[in-house]
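Alright, structures below, take your time with them.
In what comes next, chain A is part of two complexes: it sits with chain B in the first one and with chain C in the second one.
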Partner chain A sequence: MPSTVIVGAGPAGVRAAETLVQAGIRPTVIDEASISGGQIYRRPPSVFRRDPNALYGFEAKRAGDQHRTFDNLRDQVDYWPNAAVWSAQGRTLSVVTETGPKELRWDRLILATGAMDRVVPFAGWTLPGVYTLGGAQVALKYQACAIGEHPVFIGTGPLLYLAAYQYAAAGVDVRAVLDTAPFAAKCRALPGLMSGGRTFLKGLYYVLRLRARGIQLAAGIRPVAVNPGPDGTVSGVVWHDRRGREKRTACDALAAGFGLRSETQLADLCGVSFVFDPVQRQWLPSQDGEGRADIEGVYLAGDGAAVKGADAAELSGARAAHALLYDLGRAESARELKALNRRLARSERFRRSLEAGAFPFPADLAAGAADDLMICRCEAVTAGELRKSVCELKATELNRAKAFTRLGMGRCQGRVCGPAAAEILAESLGVPLEAVGRLRGQAPVKPVPMTAFLDGAVS
Partner chain B sequence: MTKVDVAVIGGGLVGCSAALHLRRRGASVVLLERRRCGGQASGVNYGGVRQQGRDLVELPLARRSRRIWAELDALVGTDCEFEATGHLKLARSESEMAELEIYASRAREFGLQLETIGPERIRTRFPWLGDGVVGGSFCAEDGHANPRLVAPAFARAAVATGADIREEIEVLHACHDGEVFELCLSDGTSVRAGRLINAAGAWGSTVSAWFGEPVPEEVMAPNMCVTGPIPYFLVPNLGVCGGGVYVRQIRRGNVIFGAGVGVADRDEIVARPLADVTAGAVRLAVDLVPKLASAQIIRTWTGIEGVMPDGLPVVGLSETTPGLIHAFGFSGHGFQLGPGVGAVLSELAIDVATTVPIDPFRIGRFSNDGTSRHRAGSAASSPGRQSGMQSGRQSGTTRLSPVT
Partner chain C sequence: MGLAGHSQGQLRRVAATDRPRIAFTLDGALLEALEGDTILTAILTNSRYLRRFEFNGEPRAGFCLMGACQDCWVRQSDGMALRACTTLIESGMTLLTRGADGG
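Right after this comes the complex of A and B.
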């Protein structure tokens, strides 16, 4: 029997699985988490008792729907939780599972690998107490703890307000929400944002609720530095307001994030070609508009294909599955594909207004990093060393700079430092971002313990 | 049209070192590199700077190269993180230990001092070794370096002395009209040169075939891994008899190791490690040094390496075309040799002779069916074999006049 594999059990992976099961296919679903939901609908451990409405806010219904959908599919899929696909070669995935390393052959593969925070380094970003927005959410949803008693949320993007709202709703004393995107940008983007309908209203509600709680909201800011206290952890953040005046906010933790970046390593290892997306400022796996990659049998869905948010991820998950079914000869999927594409097109305007209009990525902040600022924290490479590799060593693209400086060679393999490094390199060279290329994907996708391959690990 | 004394095909370590050494002797040089200097095997290899364990016929060349490694900083402006940490070759049986003893006594004839360490002392000195090890041979002069830095450093130094290094330019074809070489380049231009150095690595046999010297060069992709940092303890670069696995740790804490081969496609210029080979390498490395089990693999990689049937490189004058000099097919152990081979190539190009015995590496040793004419199979690391120094003709017996 042909093997159909879905990697990822977030909104896209779950809808893809549901669609395939409805068509009589039994897919294998591989997920790094112990239970489905992905990052956005991450579930707390079963012993936790926090009310989903408190945990997910407006998303509670969707989260519950997602969770139930997948739980109901459990007998109709081969489910591999706590399993990490660390390499892909030809039509074989290499997976580290709870019971040892496994190789899994696929005939059809849907990649729904999700996204992670896009990090912009600024002074003090490596201090203990500084988290990504996603990290702050994981702490709250999965570990039922806050990153601090008095956190500040800084960065840009819808997640900034959502995470701050979730923290405030959990009773945490959120000190400030500091957005690098100017207020004027949001006003200009308003017509496009309104097309988001319910999603836009939810975002507006979060902002209003934060304001009603008396939490300081500032737009058009620039982070300057995170200050350490006597114990070496975060004691406050220095920032410039929109007029360039220096401000200081005391806090004991900082959640920072500047939009999301797609997790594309597996698509890369599968041999999919990449195209530069000027809105997301990232190289993304290319696809045909229905989720088909340019490697036969590979389909792309969700934020791992392009960051468009959870609702769109559900649609693109279903779309990838229908494209797969259509390619297997199921003609009725053509109608579904059309309908899904119409709905995705509608959300596209909203998404563009959000990404490029309301919450533009502060590329100048990344590119303008001071020479002594550490960009790659795994290998302790500063912006100055990166620039030096351009000037003195003639590194004209990212992989060359990586070879010379070790930037992106550490445990994150450039997933954290890559976006900022690309901006710095492009600025130093005076070329567009896409001209510096992208870091090559190399296995493992994420670090693999050596013990995974030793005796005692069942094959 | 550019006219130079010497054209070099290939911007690996060999080609870049040759360019620098040629410039230091005053020859005009153009080097053509299809991609970027040091981007292939020279830049993505394991990084071992090792003399011990080589085929004895390679030792004079390795000794010459080792002297250049010692003065790298003065020569190219950076030490490329070269450190003489020592290289420890391990025996896992009595017979392997006997093999190391014999090799050590032979290597002494070449001036290479090796210290053999028996079972009673090996664990006192290296307490982190696994159970299977019964002894080893230690070469204090050997060590390791950062391969990503070396060829580009030679290239920069060569450019600083006036070499014309052209990256992202491919040599589409080269021929010899009886007087000079003419190279047709991918940018539509051409180069004329009195001498031509073929330092095209895994693609060296393509170039040699243009001049009627086809050789059976295969490709190999060594499967390598690096871990996240763990506390620094593993000082010497490690190898084993038979060469199955190799391990080193850098001062930053990362452990670099490899075993087995991935896949390489010479035509597409792509190579990839393989997951099951990586898994096997992990087991071998942890057998050798059990403490490594606590580490995590953060990256695997490979590159495309040219391999000759007898495991020895092709280095020396062409036997069909006067002025053509080959240096390729380093068979997985060219990194240490690279700087020295470049120096030897400059001598062959300018003096038409070198004091380093390179006859065992002559291109004519292969018959057309791909077997070695004078040597049977791979004798690499076989200690019982005679050194090739006294056999064959001396190099440099052509009728070329030296380049001025």
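Right after this comes the complex of A and C.
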């Protein structure tokens, strides 16, 4: 029987699995987590007893739907929890699983690999107590912990306000919410934002609730530095307000994030070609608009294909599965594809007004990193060393710069430093961002224990 | 600037504290965690950092908490490396903030 594999069990992966099972196909679903949900609908370990409304707020119903859907599919899929794909060669995935290393052949592959925060380094960002916005959310949802007693939320994007709201609702003393995007940008984006309907209203609600609690909200800011206390942990953050005046806010933790970036390494290793997306400022795996990549049998879905949010991820997960079914000769999927395409097109205007309008990425902040600022937190490479690789060693694209400086060569494989490094390199060279290319995916895409190589793979 | 009176750990529990307690050791000190904690949570509810950075010794306490940034690897006393944010704590674990080789 042909092998159909889904990588990821977040909103996109779950809907893809559901669609395939309904069509009588039994997919293998590979999940890095111990239980489905992805990051957005992350579930705590089973020993936690928590009210879903407290965990997911407005999204409790949707999260519950997702969880129930996948739990009900469990007998109809081969589910591999706690399993990480670390390489893809030809039509074989190398996977570290609970029971050891495995090689998995696929005939059809749906990549629903999700996204993580897009990071912009600023002074003090490697101090203990500084986390990504997504990380701050994971701490709360998955572990019922706050990242500190008095956190500040800084960066930009819808997640900034959502995470801060969730913390405030959990009783945490949120000190400030500091947004690099100017208020005027949000006003200009308003017509497009309103096309988001319920999603837009939720965002507005979070902002109003934060304001009603008396939490400081500032827009058009620039982060300057996280200040360490005597014990080397976070004691406060220095920032410039929209008029350039220096402000200081005492805090014991910082959540920082500047939108999301897609996890694209596996598509890369599968040989899918990439195109530059000027809105997301990232190279993304190319697809035909229905999730078909340009490698036969590979389909792309969810935020790992392009960041469009959880609701769109469910739709694009179902769409990738229907495209797969259509390609297998199931003509009835054509109608579903048409309907899904329509719904996804409707959400597109809202997404663009979020990404390009209301919460623009502060590329100048990333590009303007001070020479002594550590950009690569794995390998301790500074912005100055990166610039030197341009001036003295003539690095004209990211992979050359990586070879010269070790930036992006560490354990995270450039997931964290990649976006900022590209901005710095482009600025140093005086070329557009797309001209510096992208860090190539390299196996292992996640660290693997040596036993994965030594034990001899079994399938 | 600065805040007085923060708890000893970096992370602060806000709910679900009615779980069974688990004992583990960190750099030889006997500490307590709750069942269902990740190693990261277990350490950071007791401490402000969980490892020292290889290149300059600065303290690190994880970053992305979702298995992507790889900044929270710690070691067991037997040398086994564990990603703290995605591995659940088990009773009796003996964890080290510096590598088992002391590096």
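By definition in this document, the second predicted complex is superposed on the first by the 450 of 459 C-alpha atoms of A that agree within 3 Å, B and C clash if a C-alpha of one lies under 4 Å from a C-alpha of the other, contacts with A are read in each partner's own complex, and residues count from 1 in each chain.
Here is the rule we use: a residue touches a chain if its C-beta (ideal position, glycine included) is under 8 Å from a C-beta of that chain, and two chains touch if they have at least 3 such contacts.
Owing to the predicted nature of the structure, the values given are computational and were not obtained by experimental measurement.
S.K.: Just checking: does A:67 make contact with chain B only, chain C only, both, or neither of them? Give me first, second, both or neither.
M.R.: neither
S.K.: Could you tell me if A:247 is touching chain B, chain C, both of them or neither one (first, second, both, neither)?
M.R.: In the superposed model, A:247 contacts neither chain B nor chain C.
S.K.: Applying the touch criterion given at the start, work out whether A:89 contacts chain B, chain C, both or neither, answering first, second, both or neither.
M.R.: First partner only.
S.K.: With both complexes overlaid on chain A, does A:346 touch chain B (first), chain C (second), both or neither?
M.R.: neither
S.K.: Return first, second, both or neither, reflecting whether A:49 touches chain B, chain C, both chains, or no partner chain.
M.R.: A:49 sits against chain C, while chain B stays out of touch.
S.K.: Examine A:103 and indicate which partner it touches, taking first as chain B and second as chain C; both and neither are also allowed.
M.R.: A:103: touches chain B, not chain C.
S.K.: Between chain B and chain C, whom does A:411 touch in the aligned arrangement: first, second, both, or neither?
M.R.: both
S.K.: Going by the contact rule set out at the top, does A:400 touch chain B (first), chain C (second), both, or neither?
M.R.: first
S.K.: Decide which partner touches more residues of chain A, taking chain B and chain C as the two options.
M.R.: C
S.K.: Touch check for A:388: first (chain B), second (chain C), both, or neither?
M.R.: A:388 contacts neither chain B nor chain C.
S.K.: What is the shared patch of chain A, the residues that chain B and chain C both contact?
M.R.: 378-379, 410-411, 447, 449
S.K.: List the residues on chain B that touch chain A in their complex, please.
M.R.: Chain B reaches chain A through residues 36, 43, 148-149, 152, 156, 226-228, 252, 272-276, 278-279, 282-283, 285-286, 292-301.
S.K.: Can you list the residues on chain A that touch chain B in the complex?
M.R.: Chain A reaches chain B through residues 86-87, 89, 92, 94, 101, 103, 378-379, 393-394, 400, 403-404, 409-411, 413, 442-444, 447-451, 453-455.
S.K.: Using the touch definition from the top, list the residues of chain A that touch chain C in their complex.
M.R.: 32-33, 39, 44-50, 54, 84, 116-117, 126-132, 134-136, 138-140, 142-150, 170-172, 227, 229, 231-233, 235-236, 248, 250-253, 263, 377-380, 410-412, 415-416, 446-447, 449
S.K.: In the complex, go through chain C and note every residue touching chain A.
M.R.: So the residues of chain C touching chain A come out as 1-3, 6-7, 10-20, 35-38, 41, 44-45, 48-50, 53, 55-56, 58-71, 73, 81, 83, 85-86, 88.
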